[in-house]
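There's a structure below that I have some questions on.
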Amino acid sequence: YAQCKPQAGMPDYNGVTLTVGSQVGPYIASAMKQGGDSWTKKTCGKVNIVEFPFGELYPKYVTAFAAGEDAFDVITFAPAWTPDLAPFLSDMPAKMRQTEAWMDIHPTYRDRLMMWEGKHKSQTIDGDLHTMHYRIDLFENPAEQAAFKQKYGRDLLVPRTWEEYYEVAEFFHRPEKGIYGTTEAFARGGQQFWFFFTHAASYTNHPDNPGAMFFDPETMDAQVNNPGWVRALEDYKRSLALAPPGALNFSSGDTRQQFAGGKTSMNFDWGDTGTVGTDKSQSQIAGSVGSDLTPGSFEIWNHKTKKWDRFTRVVRSPFMAFNGWQAAVPATSKNTEAAWHYVETTTNVENSGIQVITGGSGVNPYRYSHFDSAVWEKKMSPREAQEYLVAQRDSLGADNVALDMRLPFYFDYTEVLEIELTKALAGQASPQEALDSVAQQWNELTDQFGRDKQLAAYRASMGLK
Amino acid sequence: MKDRSKYIFIWPAVLVVLIVTLFPLVYTLNLSFQYVRLIPPLPPRYVGVDNYAKLLDQARFWGVIGNTSTLVFISVGLQYVLGLGIAMALHSKVPGERLFRVTFLLPMLLTPIAVALVWKQIFNSQFGPLNQIFTTFGYPNPPFLTEITWTYSSLITVEIWQWTPFVILMMLAGLQSLPQDIYEAAKLENASNWQIFWTITFPMLLPISVAVIFIRIVEAFKIIDTVFIMTGGGPGIATETLTLFAYQEGLKKFNLGYTSAISFLFLIFIIVFGTLYMALLKPQLEKRN
Amino acid sequence: MQQNKWGRWGVFAFCAIWFVLTLFPLYWTLVTSFKPVLFVTSGPTYLPWIDFTPTLKPWLDAFSGERGDFVATFLNSVWISVSASLIAVILGSMAAYALVRFEFRVRVLSGVLFALAGIGTYVGLTQVKVGEVYAMATAFPVALAVSVIANRFPLPGPVMKNNDVVFWFISNRMMPPIVSAFALYMLYSKIGKEGMKMIDTYWGLTICYTAFSLPLVVWLMRDFFQSLPVEVEEAALVDDVPRFRIFLEIVVPMARPGLIAVTLITLGFVWNEFLFALILTTGDWQTLPILLSGQNSYRGDEWWAIAVAVMIAMLPMVLITIFLGRMMRSGLMLGSIR
Amino acid sequence: MAGVRLVNVVKKYDSTLVIPQLNLEVEDKEFVVLVGPSGCGKTTTLRMVAGLEEATEGQIFVGNREVTELRPGLRNCSMVFQNYALYPHMTVKENIAYGLKVRKTPAAEVEKLVSDAARILGLTEFLNRRPKHLSGGQRQRVAIGRAIVRNPDVFLFDEPLSNLDAKLRIEMRAEIKNLHHRLNVTMMYVTHDQVEAMTLADRVVVMRDGVIEQMADPITLYEQPANTFVAGFIGAPSMNFLSADLLQEGEVLQLQLEDGSRLPVPAKLSARYAAHSGKKVTFGIRPEHVCEASGESNAKAPVKVNVVEPLGPHTLLMGQVGETRFTAQVDAHLKVQPEESCPIHFNMESMHLFDPGSGKVL
Amino acid sequence: MAGVRLVNVVKKYDSTLVIPQLNLEVEDKEFVVLVGPSGCGKTTTLRMVAGLEEATEGQIFVGNREVTELRPGLRNCSMVFQNYALYPHMTVKENIAYGLKVRKTPAAEVEKLVSDAARILGLTEFLNRRPKHLSGGQRQRVAIGRAIVRNPDVFLFDEPLSNLDAKLRIEMRAEIKNLHHRLNVTMMYVTHDQVEAMTLADRVVVMRDGVIEQMADPITLYEQPANTFVAGFIGAPSMNFLSADLLQEGEVLQLQLEDGSRLPVPAKLSARYAAHSGKKVTFGIRPEHVCEASGESNAKAPVKVNVVEPLGPHTLLMGQVGETRFTAQVDAHLKVQPEESCPIHFNMESMHLFDPGSGKVL
């Protein structure tokens, strides 16, 4: 049969088949596939995407690595796992970092999340952070505006602080009419703690003390029980009161559906609420989806002085929840070179541009080139597209952007947090008690795993030298 | 009979089971005395019975045993009662029995994951059909999966829905093997149905009941998918089950020594339970042999 | 008799309620799989065309492959569950038959010797730098041989009989599967490194399922064989028919209803198994439950997609149930024998 | 105390007609036995009386009460089943007491009734055993004991002895007969063993295909069967049937068999049969009404012997007269070998003649 | 062709001793019937010969071959089981041919053997039916057919007729007897029906508790039982046993019964019994060896009648002589009512005397 010919200037990967681990599609997997098709066309290599339920992805990788199995040539994973997986990953080839496309990647990803212990270990394939969404039709309804003004003595605007956020939420919370104030994810295993972290970032990500949100970057003492965190948890519980029934069992996906179903006046979420909410086939409020940064705060806890520092303006601390999907090449792969080439192809400007506007690909902007509103207006109304992109770009570019936690033994830490968080939400413990307990257990874990090692890893994850 | 061929009959099955289960057993037993973290890779070290001691000392472990037992005993109990009732109804050739018989078996053959997913939707406090029913009766948005008592009720409902068919199947077989004439004899004595049940049907079914309940309990103690999908162990850790706990420790944290210890404690627990169960029921069973 | 007409109505009502309870979730899933997204997230709807406008989109999505390769996975599931349950039923009913018709005596002490010989050989071999897998592959038969030979001698200590053997089979289902699955993965991985790929292969999964189905098969089939008349077999014995032909040509046909029922039940268990499938496959031999649980992604529950997946996974089981129901009606529990 | 009456009872299972129409009256305190070949509807009849089976049409009375629609428990009949139907999980005592307990009889009375019954039936020492550990005869007695304690109006027995061995059968037969005397109560008894029927019954009902062929006391049944069916069914070994021509030769009425042998009809029977002379008839004679022919016999025919069965007191010869099977019961000391021909004398006093078409007696 | 020999055979199940020690020799072509009460070890003996059960001790020979350790298939015995043990999923033809097929007999020969057997047994028209659709007697014939085609050295029958009804039993009995004549082969036959034993056997083995009580031809067994057990077991209804004193009164030997009646021992028996005069003895007399006493009877005693069983040709009276149970077979026309006392004549030619302690015949 006719030998496949690679395109000009492309390497010849005839006979190479890459196994790519991913979660069950369409999210991410379809992007990897799109990239794969493109790569096959260019290089004649083949790509086999193997898909696992999201919850089982981590154990799948870990067992394979631990057994030294050559099961995957490329893995896609959450950055939180980077510390655990990094020892088994190959380094990104230097020449990938000398292209124009490289510089197009937003530095928050390029220089922080794709690195581990000073080396580039993975490639971002999806940008992820929390942005806020609101119902334009409600917020700009003159009757509502008037009523709001009468009740609170100020204009009904998109909230900039959490106080405003709760005022607005309370105002729109009308269970008898089937409309609720807001919604967040509260379910254990349903991404709850990222939502909580978003609250916490606003009160604890001090501009003067970078990377001190989770742990003291000098001592590795857990910070989760400081007053900033406690306040965040109180807020988080307030959201529960203003959320639709059964919210305690909501995962992020539910919040999205709630919002798109017109059940809540606001929510905050990854970029998906924007794409789902504006899609007429999935949403009852298409055309009315406004976006903005998540609210900020005038006050931020300073862990050094043990005081609330008051700022003259609202400090926005958008939270890089989840940090976006990464792709990497395990060291056990026999096709490292081809695998990296595939990753590069999949995430190049052209392909990622396609992915980012494909509904259901799960890919959110992570390159400057993704913020070209012309493309987006094909899917959304101009205003929606405009607000969506601005919220995404400004969050990413915010001075005080907060990075997600990445640590070895990640699941040990998050498990403790999830359990205590759920207890607090269920009213079995006060916020202070719950967080004290988390802090104590986190410190124990840190000691158990080696404080120095953990500290070094934490500092690396926060980009501290 | 001295018949050598008996070995040809039994060895293949024994070998397959031995080969596949022996290694895991030994491996796990060995692991349970070690401190092993797979990720990041740390060299394993032997810690004696530390894992066990720690477990027995951990409130969460006992909580988990309590949760699992609550779920298992209540749901298996109800499964048995319902299953026996339905089996008897089917056995009495209720109209439509052919259709019922086929349909009633269905849930047992569905993936527990699918079952849990479907029921999670039904239990949705907002969009679910059950909510609609409760709402029309003036109790909108019950916290099906978010409040402890409700959650247990919901989980037990699902367990019952899925596994009562197994009881039906086995009890129906048991009923079919009972002699018919003693029922006629009892009817001639003018015994009421209720008396007939307690004095004849139930005692005669006791041996198979014991076996069915035992198998169900052993299998039910392994419950994970339903809980994992429907509540994730919540609210809090109120519905965390043994296997879910082991899953978190083993496949999330890869704290393998500890997980192995959980498994062995679990095994010991089941065996102790099984022995007690049999010991308690033996006098009852022996009476009829 | 007429007298308890009301009682019969009560029984019927009870069955009818249970019928509705059984079918409603399945009906709900069926209609959900035809619902447009908008109708899923806006409260319960029940009747297509009346409550909502049905759409085929979720089904088309499923078969487009973007939510995972349903066709290949479905076929994997079929191959593996059919072959594993067939093998399990064949081996299991042979063992069950032996446990019913013959007497076995296993001395506890020979079990202890098995363990000692096994560990001894293994440790000894690894000391002289023999690979782990080869050490195991040697230790196992050595230990087996030692204990089988030892069992011939009148060793002191308790003796296990047929019932204990059955209990041993059952006890293999008592262990929580999490660790067994992981340990098995390690074993397969080690064997794989010696050149025999087990992980993510047809045989790897089939053997594992066979082993874990066997206990149930043995348990259930034993009951069936017990109720067969032994004289029929004796007649054949006197006629100088070899045991194996007796089993195949006389016992199996007589136990056919039971065999079919057990095969179907086993098929159901294998078809639905999740954990082993998850851990022991990577891609080529993934089975449906994994794909199914993947529909419950971190992006939230997309009910319409889940519903389609559930329907696909359910369909063969519905057919099996109908079949099984038939078998039960046609005298599954013997009766037709004499 | 009460008799049993079935009036125009019809029984269909789905569409198969098992009992076309049955009228049967059992007197108070009578012992009636139903016999007939397998499948003739004996059990069905009994079960309809007990209420275990519904009559499709017709009425059933126990005493003066109509019980057609009544449930079994209220008819006050006791039934003893072929397989005893003992409760396997109860001891003998519990088995017997069960019906009383169900009816909430005071414990002291239960105790008394059970021990009385046990004494009558010789079960006292087995009271604490389970049925599994009893022999067949003992089980049967337990089943009867269970029936007795209720003090029922009617006892129903469905082949109670058919699972017992020959000796036990004879013993139990006598016990049941005895019981009937002692309790003095109506009994209906089903069997397909005609010896049982003959020994036990006040009256025997011979059934075939759901129809009563003859109903009479045992001796009448034996000596004056109404048709070939009854004649063949009652008596063991069966009556022999030979085709014959009834010829009037002067004064003497004679039977000419197919092999040409001629048998004179006794004078005192001639009047009865004379009307049928010249016709083909079926000649019936029981094996016990023949013997080996001595010289002076005037009614004999040769039998070609196939099998010789010595029974102790006498011997059975099984063979053929002409082409027809024939069994003869002869003296134990007669030495005959198979394949021999043996001349047989017919005791013509005990002859029967039937219409070859309808089978009715002439 | 071969006889069967059991030498010092012992059988234990676990620890229960079922057969203490058994020596039995069956001649070539002999028809031997094993009888005895339930549980006496008949089936066990037969199964040991077939090889379905291992002898705990001792040796078993078929012909000249020792087969003690041989597996069943190699002993060339055919066995017919009580429940027929037909292969339910095969047609009659397949059932009969199965053993041949397994032994790879050429198809043409199979065909011939099967059709021969079917013809002999009258099964030709049922060849394609399944056992389910056959009547009991037909099933039994299929089982026999299956045994025949093997052309075995020895036929073993384990109560083959006990599931059949009375009429069928008589028919099949004759067929089996016939078969023995035709095939001319060794047969061992187990039954607990002594009528079967008497009619079929060349020799009957009477067993009790695993021990052979007597082994003799049927007539001998009936007329000269070796002990009270055999005397009571053989013959139906059972022999009556009465305690008596044997008195020498001058020339005449007399039996004095407990109720005082005196019965003279016939002269030709006096010599035999004279030695025992003055002792307590057990007097045995069969029901068929008594009759209603006429005036001139010199050997009579009154029987208090409890039950009257008309059997057709004669009538059974069941009652008591003194305190001892007594059964008499009298003429059918004797009219006796229960509770009456009836004088009975003893046919003393047929008397038996036994030692009251050991039960041995005197």
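In order of appearance the chains are A, B, C, D and E, and numbering begins at 1 in each one.
Operating definition for what follows: a residue touches a chain if its C-beta (ideal position, glycine included) is under 8 Å from a C-beta of that chain, and two chains touch if they have at least 3 such contacts.
Small disclaimer: the values here were computed from a predicted structure and weren't measured.
A.B. asks: In the touch network of chains, how many steps separate subunit A from subunit E on the shortest route?
C.D. replies: So the least number of steps between the two chains is 2.
A.B. asks: Using direct touches as single steps, what is the fewest number of steps from subunit C over to subunit E?
C.D. replies: Tracing touching chains, the least step count from subunit C to subunit E comes to 1.
A.B. asks: Which interface, named by its two chains, has the most contact pairs?
C.D. replies: B-C
A.B. asks: Distance from the CA centroid of subunit A to that of subunit C, rounded to the nearest Å?
C.D. replies: One centre to the other, that is 40 Å.
A.B. asks: Between subunit A and subunit D, what is the separation of their C-alpha centroids in Å?
C.D. replies: 93
A.B. asks: Go ahead and note the Å separation of the Cα centroids belonging to subunit B and subunit E.
C.D. replies: Each chain reduced to its C-alpha mean, subunit B and subunit E end up 58 Å apart.
A.B. asks: Could you give the separation in Å between the centres of subunit D and subunit E, each centre being the mean of its C-alpha atoms?
C.D. replies: Going by mean C-alpha positions, subunit D sits 24 Å from subunit E.
A.B. asks: Which residues does subunit D have that touch at least 2 chains other than itself?
C.D. replies: Touching at least two other chains: 51, 71-72.
A.B. asks: Please set out, as single numbers or ranges, the residues of subunit C touching at least two other chains.
C.D. replies: Residue numbers touching two or more other chains: 40-42, 182, 186, 242, 293, 295-296, 301.
A.B. asks: Residues of subunit B that touch two or more other chains: which are they?
C.D. replies: 1, 3, 126, 131, 251
A.B. asks: Under the stated contact criterion, what part of subunit E meets subunit D in this complex?
C.D. replies: Contacts found on subunit E: 37-38, 162, 165-167, 170, 173-174, 177-178, 181, 192-195, 198-200, 218-219, 222, 233-238, 286, 288, 306-307, 309-313, 316, 318, 332, 338.
A.B. asks: Inside the complex, what are the residues of subunit C that reach subunit B?
C.D. replies: Interface residues on subunit C, with respect to subunit B: 4, 7-8, 11-12, 14-16, 18-19, 21-26, 28-29, 32, 40-44, 46, 91-92, 94-95, 97-99, 101-102, 104, 136, 140, 144, 165, 169-180, 182-184, 186-187, 207-208, 210-212, 214-215, 218-219, 223, 227, 242-244, 247, 268, 271-272, 274, 288-289, 292-293, 295-296, 301, 303, 306-307, 309-310, 313-314, 317-318, 320-322, 324-326, 328-329, 332-333, 335.
A.B. asks: Can you name the residues of subunit D that touch subunit B in the complex?
C.D. replies: Listed in rising order, the residues are 50-52, 71-74, 77-79, 81, 83, 85-89, 98-99, 102-103, 130, 146, 150.
A.B. asks: Which part of subunit A faces subunit B closely enough to touch in the complex?
C.D. replies: Within the complex, subunit A contacts subunit B at residues 56, 58-59, 62-63, 65-66, 83-85, 87, 187-190, 244-249, 258, 263, 408-409, 411-412, 415, 419, 422-423, 425-426, 428.
A.B. asks: Which residues of subunit C touch subunit A in the complex?
C.D. replies: 36-38, 40-42, 65-68, 182, 185-186, 189-190, 192-193, 199-200, 278-279, 282-283, 286, 290-291, 293-302
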